[in-house]
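Each structure below is given as C-alpha cells.
Both of the next two complexes hold subunit A, though its partner changes from subunit B to subunit C.
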Partner chain A sequence: MTDVEMKQDDKAEDKKSQEEKEKATPPPPPPSPTAEIKSNIALIERAVATIEPRYTLRVLRTLTALRKKLDDKVLQDAIEDVYPKDSAVKKALLSWLPEASAVDHSMDVDAAPTQSTPITSDPVPECEIYLRLLLIHHLLTSQSTYPKALELAQETVAKMQVLNRRSMDPLAARVWYAVERTYELAGELADARPLFLAAQRTASLRHDDETQASLINRLLRSYLHYSLYDQADKLVSKTTFPASASNAQYARYHYFIGRIKMVQLNYSAAHANLQQAIRRAPPPKVAPGFYQAVHKLFVVVELLMGDIPDRALFRHPVLEKALEGYFEIVKAVRTGSLSQFQTTLSKHAALFEADKTYTLIVRLRQNVIKTGIRRLSLSYSRISLRDICVKLHLDSEEDAEYIVGKAIRDGVIEGRIVHEKGWMECGGQKSGYGPEVAEVFQRRIGYCLELHNQSVKAMRYPLNAHRKELAAAEGAREREKELAKEIQEGGDLDDDEPLGDGF
Partner chain B sequence: MSSQLASIYRDLKRAFEARPSDLKKCGQLLAKLKVGLIEAGLLVPQPGANLDDLVVARDILEIGAFASIRAKDIPSFDRYFSQLQTFYNDYGSSLPPSPNEYPIRGLNLIRLLTQNRIADFHTTLESLPLRADSISSNPYISHPVNLERWLMEGSYSKVWNAREEAPKEEYRFFVDSLMGTIRNEIASCEEAAYASLPLKDAATLLFFTTQSELLKFAQERKWQVNLVAGTITFTKKGEERAEIPKEKLISSSLAYARELEMIV
Partner chain C sequence: MAEDIVLPIPNLNLAQHYFTLSTPTLSHLHDNARKELLEGIKTDQMAPYYKIVTSTGILQLDQSILDSMEKANKEELDKFQEKLTEAEKTEGETEISDGLRARATYLTRIGDKDAAVEAQKLALEKTPGLGARIDIVLTLVRIGFFFGDHKLISDNLTKAEELIEKGGDWDRRNRLKVYQGLHFLSIREFKRGGGLFIDALSTFTAVELLSYNDFVALTVVANTLTLSRPDLKKKIIGAPEVNQVLPELPILADLAKNLYECHYDKFFIALATVEQTFLIPSRLLSPHTRYYVREMRILAYNQLLESYRSLTLESLAAAFGVSVDFVDTELSRFIASGRLHCTIDKVHGVVETNRPPVKNAQYETVVKQGDVLLNAVQRLSKVLY
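Right after this comes the complex of A and B.
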C-alpha cells in the first residue's frame, strides 16, 4: 500500500518540481508559509514511508518559527492543496477556520496552476495531526478562539489515541504540549491532569517514549504550578523517564526535579539536576526564558550550598537583566551582612515572589550568618561575643553564643568558646591535606566521567547506516574467499605467483 | 445527613467545648461519627455532595484533629489532617473558608518540626495556598516558620522565649517535645564548642531551673561532672581520626577501573 502511495507522490512531486523549474525564473528566497507547510507534509510522508523519525523531527524543529507566520489564509491554502477535493478530512479541518477568507481566493490565481495535478488520495494520518497541531497553535493566538482551540485539542487527542501509530509519536508529543498550553490559557490547567495521567499510562504501555516524556513533564509542570510538591515527588519516584527522550524534554525534566529537590532541602541533588538542565537546554539566544529560569534557581541553590556563583554569570547578555535582583542577594551573602540581605530581600520581594523563589531565598538567612561568622573567625584569633553580636547585627549576646556554638558543631568554623571570659577563640585552619581532598577529587572525577557518559549517550546512530558497512564487509569476505580459492587452486599449479598478486 | 448523625455532632461539639473538654467522650463520639460519615459518603467527599453537609463533615474532622492533640495522640492527628486536606485543597474554592484551617495547618507544621522532618516541613510550607509575603502576617503560620528559622540559625533563646506566645492553646502541647529537641541540639553544640563549662552557666544555657535536672541530663549525655569545682568537662570525641577510609578508596578505585574499561 504505502509503496504505491509513495510512488504516486514521487511522481506528483517530480511533476511539480518540473513545472516549478519551468516557471522558476524568479526564485523566492524565503518560501511562503504555505509552501513550507506543504514541504513539511512531504517530509512527514517520507518519514512514515521510510520509518525514519528523523524527518518528522526536522519538521517539528521549524514549528516555532512557522507558528508565528500562520494566519487563516495560509492554513486554508495548505489544507486545500494537501487534500483531494472531496475529502472528509479536509472539510473537518476547514470547519475550524472562519469562512471569511474564502473571498481572498480570487487573488490567488497564479498560485493555483501549480497544483494542477489532482491529488487523488488522502495523505497519511500523520499529516492530518500535523495540520491540527498548526491549527491549535493558530487558534491560541487570539483570546476569542480559546474555547474553539480547547475543543479541537480534545478532538485531536481522541483521534490520536484511536489511530495508535508509532510513526505519530513525535507529533503526538508536540500535540500534548499544545493541549497543555490550551488548557493553561483557558485557565483550566488543573482539569487537564486526569487526561494527562490517563494518557501517560497509555503511552507507557505502548512504549511511546516521546509522548511519555512529554506527558511526564506536562504533569510535573501542572503539579508545580499549583505547588503540589508532594504529588510531583511521588510521580517522579513512580515513573521512569524514558532514556531516549529528546534533549528538550530532558532539560525540562531536570529543571522540574531540581525544583522539587530544592524545596526538599536536597541541595546537592538539585544542583546536579539544574546543571544537567543547563547543559541540555537549547542555546540561550533561542530559548532565553528557560535559560533565565534555570539560572535563577541555579544561583539560589549554589548560595544555599554555601558556594558563591561565578561573577561571569551575571554579565551574560541574556542573564544580566533577569538576574539583577539575585546578583544583589549574592553580594549580600558574600559580605555576610544581614542588614543588606534584609533590605535586598524586601526590595525585590515581588520579583522573587513571581519567580517562586521567595521562600527559598528566605532560607539563605542562616547562610548569611554563617558566612559572617566565618569571615570573623578568619580575621580574628580571639573576639568577644559582644563584638560578634554588634558586627553581625544579632539581637543579643546570648543568641551570639548559641549561634557560634552551632557554627562550630556544624563545622563551619574551627574554634571554641570560652564562656567565663565571654569570647570565642578561633583555631588554626585545617591543613590542606586529608581525606577531604580525596573526596573533592573523587567528586570531580565523577563529574568528568558522568559528562563523558552523557555525551556518549547523546551520540546519534542513524538507522540502517551499518547496512552499508555490512555490505562492504560482505564484499570483502567474498573477495577473500575468492582469493583463498585462487591461492588454493593456484598453489597447486604455481607456488610463487599468487603471493605477490594477492597482497 | 440523617438527624441521628446531627444529634451526635451536637453532642460532640458540647463535649469538646466544655472546659476542660471531655476527651474520652469525644473519642467515643468521633468513632461513631466517622462510621456515620462513611455511610453518608462524606468522609472522602464525592462530587455532587451537599455543601452544608461537607461543612459539617469538615467541622467534625477539625474537632477530631484538635481533640487528638489534646489527648497527645500524634498519629491520630496525622490521620485527621490527611483527611482534612481534601476539604482544604480540593474543595477550598467551593466551601466557605474554615476559621480552623490555618491553626490546623500550623499545628501540622509544628508537628513536622518537632519530629525533625525539616524537608517535609518545607514542602508543606511551599504548598500552602498563601502568598509568601503574607506568611508573616498569619499568626498561625508565622509561629512555626519563625521557630524553624531560629532553630536553623541557632537562636535557641528566641525559641525558648517564644514558647509562651503560642497563637492557640493546642500549640502548647508541642512545647515539651520541642524543648527536648532544642536541649539535645544545644547539648551537642556545647560538646563541640566548649572545653568545660561551669555548672551554673550550663544550666542557664540549657534552660534548666534546678541543678538536679541538669545533673540528670548530664548523666544521660555521659558528661563528666566535677561537683567540687562546679564544672562540666566535655570529652572531645574523635579528636584525631587519621584513619584511612579503606572501603571508600577501594570502591572508588574499582569504579574508576570499570569506567576506564568502558571508555577504552
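Right after this comes the complex of A and C.
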C-alpha cells in the first residue's frame, strides 16, 4: 500500500506543477483552492451550529481532491481570510508555513481588512483543526518538512484531546490518519502505537465511532507493518468495530482482517473478508492502490483454497500490470507444474517480499500438487494411485495416497481411497444445485437486508419538517372547504358566472 | 463515380509475404516470398515500404532500387501536386477532389502509411459523394490491415458503417461485410466474422481485400468451428459457392466433410494439415492457431460424446485414430476446465458422459452477475452517508 501512496504523492506534485501553470494563464479554475477552503470552513461552522455531522462529512469528502491543490500561498490566504487580524490562533497556524513568502504576506494584509472586516471573532475550534489537518497534509508533500509535520501532528492531537468536542469527531478521525502517515513517513510508526492505543480507549468510552474505526485501522496497520500478527489478532478479538463506520474504514478493516486470517491459515474467512473489502472499496480508478493491494491477496487466497482466479481479473486495466507476477504464479499452479512454480517464485521473489506475500506464496507449493489432484478428481471418477503418481510426478504410490488422503481430509476434493484395490474414487457427481444454493443465496439476501437497514438508518429527517407538511395539508383542507362553500353559495347568487375556477 | 473497380491498394499480398519472411518457422516458404515481395514493391514503386522492410533486415537493402523508386515517387507526387494547384486555380470542386483522391491513392499504393492516412483523410473531407467517401474509408481500413493497425481498422469500420447506414448501395454494403468479417477473424471473433462471411458469400466483390478463394477458405475455416452440425451442412457443405471452390482447397473440404460425417480420424489428420499449411502461414490467423485447433478438438470430442452414455477409452482412441494415452490426457485437461461434460473411469477404462443441467449454469450466472450488482448497490448506498 505504501508504494502506491507514494505514487499518489508524486501525482499530487505533478498536479501542483500543473496547477501553477494554470495559474500563470489568465482564466483560473473556477473555484480556487482558497475559496474552496473558505466555503468548507463555512460548512463546518454550519455543522457545529446545527449539530449535523453530515456537513462535516461533505467537507471531508473533498479532502483528497483538495489535498492535491494545496500550497503555501493557498493555505496562507485561507488562514488570513478566516481569522481576524490579531488572533492568536492565526499566528500559531501561520508559524507553520515558511517565511519565504513574507512579501505576499504583507500585501495580503493590506488587502485583507477591506474584504474581511466582518470577521471579529475566531471561528469554532473545529475550523482550526481542519486547517491543521490541511497543514499536515501539505507538510507531508515534501521530505524536508517531515519533522515539522510530526511536531504539528503531536500538537494537534494534544489540542484535540483538550478540546474534547463531539462535533469534532469526524475531523478527528481524519487527523488520526494524517498523524499515522506522519509517523510512518518519519519512520517512527512503532512509537505512535501507545498514543493510538490510549486514544482508542478514550474514543470507545466516548462512543466516538468514527475515530474508533479510524484508530483500530491505524493500529492494525501498524501491527501488520511490523508483522505482529499475534498482537493484531488480539486487538481484533478485544475490540468491536463500530457498525456505523464509513465504507472506506470498513474496506480497510476487512482488508486487515483478511490478511490476519490468511496468515492464520483460515483461508475461507480471509476470502470472505477480502471479498467484502473489494465490495466496499471505492471504484478502482479512484483508489487504484487499495484495489491492487486487495486483489493481490485475493488472488493468493483463491489459489490457497485450490481455486483458480478468473482470467478476466488479470486483464483489468488497473490490475494488469500490478498483478503480472501473480499471474505467472497462477499459470504455474494451474498447469500443476512444480518446476515452473519454482522458477516463477525465484524470479519474482523481490516483488512478493515487498508485497509481504512471499511466505504465503511459498505455502502454495503444496497447492500446486493439490490443484493437480483437484483437476484429476474433476476429470476422473476412478483412477489408480499408480496413475496419479505418473500424472503428478510423485515419487511413490504411498506418497500419492498420503497426499490424496490429506486433500480429502481438507475438503479440497470429494472422494475416497479404496486402499485394498489401490485406487481413488471421486465422490459423486457434484450436481452443484444442492442445499448449498440456499446458503449462498441466503448470504447475499442477508447482505442486501443489512444494506437496506443501514440505508434506512442513514436517511435524514430534518427537524420539524413534518410539521411544515402538516401545515401545508391543513391549509389545503381549509382552501378546499372555502372552495366548496363558495361553490354552494356562488351557485345561488350569480348563475351566469362559470364555475370553472373552482374545478 | 470515377472508378467503379476498387484497386487492390495497398497490395495486401505483400503484407502476407512480409509476415512469412519475418516468421523463422516458415523458412520453406521464404524463397518464394522474398521474390514476390521484391517484385511487388518494384511494380508499385513502394519506396517508403521498402525502407521499412529493409530496416527490419528482412530484405537486403539495394540502394539503386531505392533511389530509382524514390525518384519515381517524387516525380509522380510532383505531377499530382501540379495538377492539384491547377485544379484549385481554374476548375471546380469535383476536379479538386479528384486530384486529392488520385494523390491519396498514389500515396497509399507506395505504402507511405502516415502520409497516405493524412492524404486520404483530406480527400475524405473534400469529397462530396457518399459512395466515394465510403470507398475512401474502406481504403483506410485496408491501410490498417496492411500495417496491422487495429485502431485504424476499427475506427474506420465504425465510420464506414455510419456512412453506409446513411445510404450506401448494396455493393458497398456487402463489401463492408467482408471487411468487418475479416477484422472479426483477426481479433478471434470467429462467430461474428463467420456469420458476416456467410452473408457475403453469394455477393462477394471485395477482391481488392482478398481473393475469392481465400475468402471461401476463411469462410469454411471460421464456420466449421462455430456453426452447429445442421447449419454446417446447409450453409457450408451444401452451399454452391463453396462447392465450386472447394476442389481447389482439398484440405479444407476434408476438414468440413469429415467433421460433418463423423470420420474423426480423418478429421484429425485434416486438422493437423490445415494447421500446418493454412493457419500458421496466415498473417491473420497464426496468432489464433492454438486456440482454433484446441476448440476444434473440443468440438469433435463433444460431437462424439453426445451420442453415447459411456464408451471405452480404446474405442474413443480408435475413433480419433490416436493413442489411448493421448485421449486420456486431452480429455482430462478439457474436463477439468469444464469444456467437456464427462468423467473418466481410468481403472476400467471407460468414459461416462453426464449432461450438465441447465439450471446449474443459470445458478452460476445468477450468483456471478448478482455479485456484480451487489457491488454496484453498495457503491450507490454511499450517496446516503
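Keep this in mind: the second predicted complex is superposed on the first by the 331 of 503 C-alpha atoms of A that agree within 3 Å, B and C clash if a C-alpha of one lies under 4 Å from a C-alpha of the other, contacts with A are read in each partner's own complex, and residues count from 1 in each chain.
Please note the rule applied: a residue touches a chain if its C-beta (ideal position, glycine included) is under 8 Å from a C-beta of that chain, and two chains touch if they have at least 3 such contacts.
In this text, all values refer to a predicted model and were calculated from it rather than measured experimentally.
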| item | value |
| --- | --- |
| Partner chain in contact with A:Ala173 - subunit B first, subunit C second, else both or neither | neither |
| Subunit B versus subunit C as contact partner of A:Val333, first or second or both or neither | neither |
| First, second, both or neither for A:Val236, with subunit B first and subunit C second | neither |
| Touching partner for A:Ile257 - first (subunit B), second (subunit C), both, neither | neither |
| Which superposed partner A:Val440 touches (first subunit B, second subunit C, both, neither) | second |
| First, second, both or neither for A:Ala153, with subunit B first and subunit C second | neither |
| Which superposed partner A:Ile37 touches (first subunit B, second subunit C, both, neither) | neither |
| Where subunit A meets both subunit C and subunit B, residue numbers | none |
| Complex interface listing, subunit A residues touching subunit B | 227-230, 233, 263-266, 349, 352-353, 358-359, 362-363, 365-366, 369, 394-396, 398-399, 401-409, 415-420, 435, 438, 442, 445, 449, 452-453 |
| List of subunit C residues in touch with subunit A within their complex | 331-333, 335-336, 343-348, 352, 354, 357, 359-360, 363-364, 367, 370-371, 374-375, 377-379, 381-382, 384-385 |
| Footprint of subunit C on subunit A - complex, ascending | 57, 246-247, 278-280, 282-283, 374-376, 378-384, 387, 391, 421, 423, 426, 429, 431-433, 437, 440, 444, 447-448, 451, 454-455, 458-459 |
| In the complex, subunit B residues that touch subunit A | 118-119, 122-123, 125-129, 131-133, 149, 152-158, 185-186, 188-195, 197-198, 201, 205, 244-245, 249, 252, 256, 259, 262-263 |
